[in-house]
Amino acid sequence: MSREGLTRRDVLKLAGVGGAVAAVLSGCGPMAKYVRRRPYVEQPEYALPGKSVYFATTCRECPAGCGLVVRTVEGRAIKVEGNPNHPLNRGSTCARAQAALQGLYNPDRARGPKVRGGKAITWEEGIDAVARALQDTPPEGIVFLLGLAPDHLAELVYEITQALGAPPPIRFGALAMVEARQTLAAAAEAVFGQKAVPTFDIAKADLVISFGANFLETWLSPVAYAKAYGAMRQGHPGRRGVFVQIEPRMSMTGANADLWLPAKPGTEGLVALALGRLMAEVAGVEAPEPFAQVDPAQVAQAAEVPLEKLEKVARYAVQDVERVVALPGGVVLGYENGVEVAQAILALNGLLERLGKPSLVYFTPPAGGREPLAPATYKELMDLVDRMNAGQVKALFIHGVNPVYEFPKVLGFEEALLKVPLVISFASFDDETVPYAHYHLPDHTFLESWGYQRVQVGADREVLSGFQPVVVPVFDTRATADVLLAAVQKVGGALAEQVPYKNEVEFIQKQVAEFQKRNDGIYQAAHPKVFWALFLQHGGWWTQEATATPAQAQVPTVQVGEAKFDRGELHLVVFPHPILADGASANNPWLQETPDPTTTVMWNTWVEVHPETAAQMGLENDDLVLIDSPYGAIFASVYVYPGIRPDTIAIPMGQGHTALGRWAKNRGANPIDLLGFGVNGAGDAAFGQVRVTVRKMGRRQVLARKENTVGVYGDGRYQPVDKRKEEEEKVTSTQE
Amino acid sequence: MHSETPLPAELHGQVEELRKEHLLIDVRPREEMNRMVLEAMEDTSREWKWAMAFLGLVTVVTLFGAWAYLMSTGMGLAGIRRPIFWGLFIVSFVFWIGISHAGTFVSAILRVFKAEFRRPFTRAAELMTTFALMGAGLYPLIHLGRTWRFYWMVPYPNQRWLWPNFRSPLVWDFFAINTYLIGSTLYLYLPLIPDLAMARDKSTGWRKKLYTILSLGWRGTEEEWRHLTKAIQIFAWAIIPVMFSVHTIVSWDFAVAMKLGWHSTIFGPYFITGAILSGIAAVGSVLYLVRTTMKNMTYFIRPEHFDTLGKLLLIISMGWTYFFFNEFILEWYGGEHTVKEIIRFYTQGDIAPVWWLMVICNIFIPWAVLWNRNWRRKPWVMFLMGLIVNVGMYAERYVIVTGALSRNRIPFDWGWYQPSLVEISIAFGTFTLFLFMYGMASRLIPLIPVWEVEEGHHAHSLRKVGKTVVPSVADLE
Amino acid sequence: MAGEEHTKWVMVIDLDRCTGCNACVTACAMENNVAFAGEEENAYGRGMHWIRLVRYWEGEYPEVQMRTMPMMCQQCSNAPCEPVCPVFATLHSEAEELNIQVYNRCIGTRYCANNCPYIARTFNWFDYEWPEPMNYYLNPDVTVRRRGIMEKCTFCIQRIRRAQEEARLEGRPVRDGEVQPACAQACPTDAIVFGNWQDPHSKVRQLAESQRGFKFLEELGTEPKVIYLSSQRHEF
Amino acid sequence: MSTAPSQLRKAVVNVVAFAVLGALVLGATWLYASQRVPPQPLEFNHYVHVQQLGLSCLYCHSNAPRGQSAGLPQVNRCIACHNQLEPKSPATRALQKYAENGEAIPWVPVAIQPDFVYFSHAPHVQRGISCQTCHGEVGQSTVAQPIKNQNMGWCLSCHKNMSTPERFVQLSSCEACHK
Amino acid sequence: MYGGYQGRYEPKIYVALFDDPEPAARAVEVLREIGIEDRLIQIQSGVPWKPEVLGRPIKASAVPKYGMVGAGVGFLTSIALYFGTPALYPLRVGGFPLFTMPPAFVLIFELTMLGLIVASFLGVLFESLLPPVVGKRVYHPEVSDGAIAVFFQAPAILLDRVKEALQQVGASEIEPVEGSFV
């Protein structure tokens, strides 16, 4: 297909979308077996039977905000494609975006407004309930709990809460928890002087030193990073970027590294400092203060990393190549000293700058100069639970997040939820939180929605990524913004004056209109309607030129200190599933069926155990084990994983739903239940400090995998099971 | 007519000796043999009826019921999976094709070589050919994902402008099996006509009507005999290469594939030897059943027959071993990585029990037992040997079909195969179908070719015609 | 159409760029109406993936290294799957030089799958379900396969044909990069590139002539049309 | 003695009888399997609209030159004329009912493609192939009838006759219609 | 046709039964001496006695010719299918040439053999006029018990002479039978 052609040709077609989508659904196709053939009652001008219509929109499967182009035929969304002009993803998509259509057309979606217990109500009643809540509840008792997307809703809710005098909305999600965005921002403030999540320009890098950042999977803006990774490897003729990953469990990102160093959990900060010191030594300069405090040999021993490898990396970084970047992420931020660890790692960039290397870190300029609402920290969440328990929260609105599933059990959110007199959920699916809600007023899925996302990370320019509906709503759902605005109208008075929007689209158009004045965007238009049409046609607004500038890094004083760990036998790494991420889309069957990149496991939760550890514990593949942390316990099947430290096990997030639909329900386990209370200096969860014990259950639960169960280890040479066992025994006996 | 004259006492030992060398020297009159055969045929005892009802029911349930279930639900009911796309159905297919070689081998080859001892049991063996082939012919249909489209393999003019792909081994299979099925059925039927005429003359009621139709008005005129014997000669010569071609082509299904473990130049003779091995073994088992369950059969089917079959079995087993050794030693010696993996999988992997079962049943046990003449002459021993060798040959096909598929050039996609209940049920169902058809046939058609036996009686007598001496019956030209 | 007679579609997969993220797998499934089989069937080895990432572990901990290789139908010029099909359900398209699978002609002998050295073919073990309204997203350009037939990667032949049709209506040749299979389109690292080999200026042609290029199992003489660029590793 | 000729005659009669019987069975099966005229929700008369009123096919099936399917007329296109023309006839009343309810008329397609065949009107119509070439003289009949034997061979023979041998390579390639 | 007796006596078919081929052969000789031609004699037996043994004229069977013709038809059919259909509707597979010889041999062999086999079978039926479509033909059921039945067509006037002669060579009984020879 011609994507360039389409965007030009379909300008007018897209302009009239608002009114026209209503008739789109009654189309027909040649798939007689599946779809009834019917003529249009009123054929939209742009919709020809059998011809594709493409709509530009934005992905909301994660908060990154990649641009999409959705192919529709006769009112049905057929395929999600990347928006080739979008500065973030430039035409590419991840697996989650691809499977988004299965969320849109999911048979298990909420089909209409309900009250608790499942009784259907009309939207009028639902809006009345919201209006009453806004009117009758004391403002300080109103809490909005929102996910990380979409930004337009967060901003609208922010305006409403401001008008009401209520506390601002809390944005949270499990993915944000393991990304520890606030920690990163806090560390960035210390190093770069800007409190925001930095973007690491790995596309230009000759050497990337990543400490636990799974930037090719789910981290912050994975498609943008993957794009940059491809460019780093083979994008520059004659120059191939090299990549070093330091993490206890080989993630898919780590698996792509030239060098993977399984440092002992908790020592990553020290490794960074040691690396800095070695670099300084290679460069022949005196190591700045934080680096000087460590002895590389000692650190290497403590981290169980060969010193010689660190030296080689340092020498390569200083002597052989020009552009080097170090980035922290993932589990290394999840210790109580996470902020300090992140600072130590980021400080490497400062050191490299001192050694004359160019900075490869920049901050994405917020679209329209307005920072999106920052995600809440774990600490704030704990405060919220306290307030709920104390009965201070009178009305809780939940959108875009599934707290009963996503929050660690130990927080007690479920019990606290019972103490809130009015809970309104806007979830599109009947998720785990819905049974606790007094009203369930389902929102559209994003492919039926209006909105925008202010791209926060990954883009080198201001990007306001726009959503538009690509199909009419499949079910009797309603945009949450519309529901809130209708309720505001109903409440009337000062509130309605302060929040004067008729509907969601009007609110968005007002925000978008701010960009009409700008002359550095990719398009200009004099008339607001034309501008709006162009906005929809392009799938957002962004500047023509890259405006981000390299951030100057300092070398701050850091005391990394020691990471604290719970009691237990093995370190636990809880990582976002590379395909399912936090599991919000776990009911999309093709996400379940897409094999995990490293283990090729599908449809279930596995525990990665090092072969030696497994042998010691008498564990084999598919053995069911009980994983016990001080805060909870789950069952999962063993996957003997060659890329993990022997003292560590790892479990992916994303499964273990008890609701959400037929494909997600009662499948696997949710490792978030194992996490505890600890927080780091920035208030983010110290999820890395959990240690667990593993107990064999004596049963097998076979994991569905794409690989076969023989012959994939080593060079693929088959070994009969008993022979392998013999060798393992040999290994263990020599160790003893 | 040869009447039974009492022999002088001093000749008894001599006659006994003669019987050992030339079977059925203790001739009985044609009337008596007719009576004996008809008696055996018309013996529809209660036990037989129960057995047939049971076998029929079991067949309907386990074969046709399971097949209908498979067809309506999908091939997923079988145990096959990526990368083993062929399983028990193809195993059974090759197995039954192998069994079907017995009749032709015993009847046609022994006829061509004028081996006299064959006469009483040629028909029993030919029946096996036809029924085994029918069973085998079911499997290509069963194993199709869309059985109801099987006719696309038939070359017939159609509106689609499409014909079968004559370059596909499966089309060769289709033609070879059909040729063989038609040929062997006609080859069964032609010598049957005089016996059906005999049955027509000696039966009453519905049987008379049936045999009147089946015997096609046979009278035994000189013309009829001339054409019939000529045709039988042609058939005996023609069916042998067809038989060889059938199993060769079945082996080519594997040998032409770009699949290590299959792509072997020795597969043609290897498969044929294996087929004859299993076929002859099956003849032994079936003859034992015929001899013990039917009346008067001890006269026709004698320890000498089992003795000869035993010798054949031993020789063929050695031949098979020779090819087996060739197949493995050469591939192993060549040392290609994947081939080594396949052989390692055979001998040590999950399939190893089946592989060793094959070696034990096809080599060790026959060699150990069949050297002994006394064992060979015991019908029940040969019955057991027949079963054991057939178990071994089933295992051989299982190893070749599913074992080689389990290992390929991409270790990521290795796998192994477990037959599912539906597959086992269908495979079992063909055994009961075979027994059912055979049981029914044994009561519907004369199982002993009486005219051929009588012909054998006369075979060695020379007649003086005028001044010349000629053999009396056509066969000994 | 000038130049069209000489199209030879080729795919280049840069293994050094490929991260193994599996986006191509999902994209392919969504474009081509590939059925999802569920946990039990997948555990039994009956996933329907047209493209899969073949993954190997190399070395021992801590030097362990993961290698991935996207594997799909290699569209061999001398495809072993083709001659064994009794009914011409899989055959060579002379127009596109592709190995095509005609679903409605397939009778399900599965011989082609056995004969494929790349294990690229999948079989419809059952009739798979897309419960209403999930069937809405099914691509009307691609046949929904029923039970008992083979299927495999087609290089998104429907997209190739669509682009050709559009180009012909506009009276121009198909431009380089105009046709992209779903996997190449989705690939976040641009590891998969698709185009016409006959066009000397096409991106695939230039990439394929790289020294890193190789064809998988080339020694079998199948002449695959997928060219892999080998991955590299900097040794520390 | 001389019975052989009569035997042969009898044999010939037998063969002929068998052939005739077989042909009858096959013919009956074919007749049964072929398409038949489906009942339509409204009695639309093609003859009146096309022959008497002179409407072009594309007036109602307007999508044919641009899209895959020719499209069925929308209700409001019918209503546009029938508000004035014969507003009282029972068929028009039924039509108006559909229009008032905003429902689509559940026309039963007459020319159906199986699921696995991809046919697009646009390339055919744009090459100037008239509707009648494939659909016959629909305008001459009161009720649209399926064309018999519109099968693969029919497509191929037309492709062969209307193209050059080089082009036929593309037009006869399986993936042209089966994707 | 029947010499001097023609028109005066209607010839009838009689049967004489023998246990062994020797007397039967002598009977044939006797009949021939009496003047009954070979074509008016038919022998039915339970086993295929050689014509030499029975003193009957030796004829070659036409079945091999049928077989050859059938094989030829099969051969031509296979050639037409194998080379004709790809020439009419060329479809390429696996980089093979359109006409590959080795697979051709397979098809040619199988169809040739099929033609041979089927035609030989049909040849038996046609040549022996089986199954009968005309009225009653002469037959004696004791044939299936191994007896050799000599049928001969003789005018009644010769009957006594024939009977006497045949009883001399050992015929058990001589009786008229209904039906025709073929």
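In this document, chain identifiers A, B, C, D and E correspond to the written order of the chains, with residue numbering beginning at 1 in each.
Basically, a residue touches a chain if its C-beta (ideal position, glycine included) is under 8 Å from a C-beta of that chain, and two chains touch if they have at least 3 such contacts.
All values reported here derive from a predicted model rather than from experimental measurement.
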Third chains touching both chain E and chain D: B, C
Chain nearest the overall Cα centroid: C
Label of the chain whose CA centroid is most distant from the centroid of chain B: A
C-E compared against A-C, more contacting pairs: A-C
Distance-maximising chain from chain C - centres being C-alpha averages: E
For chain C paired with chain D, centre-to-centre distance based on mean C-alpha positions, whole Å: 36
Whole-Å separation of chain centres (CA-atom averages), chain A against chain D: 53
Distance from chain B to chain A - Cα centre to Cα centre, in angstrom: 66
Centroid distance [mean C-alpha coordinates] between chain E and chain A, Å: 90
Residues of chain A whose C-beta touches two or more other chains: 30-31, 33, 50, 707-708, 712, 716
For chain C, residues contacting two or more additional chains: 45, 47, 55-56, 80, 83, 85, 88, 91, 94, 105, 140, 144
Residues within chain B bordering two or more other chains: 161-162, 165, 167, 171, 411-413, 415
Complex contacts: residues of chain D adjacent to chain C: 68, 114-118, 120, 122-123, 126, 166, 169-170, 173-176, 178-179
In the complex, chain D residues that touch chain A: 63, 66-69, 71-76, 102-107, 109, 112-113, 115, 118, 120
Residue ranges of chain E touching chain C (in the complex, touch as defined): 91-96
Residue ranges of chain B in contact with chain D within the complex: 158-162
Partner chain E, residues of chain B touching it in the complex: 1, 29-31, 34, 155, 161-163, 165-167, 171-172, 175-176, 178-179, 182-183, 186-187, 189-190, 193-194, 197-198, 200-202, 216-231, 234-235, 238-239, 241-242, 245, 249, 451, 454-455, 458, 463, 465-466, 468, 470-475
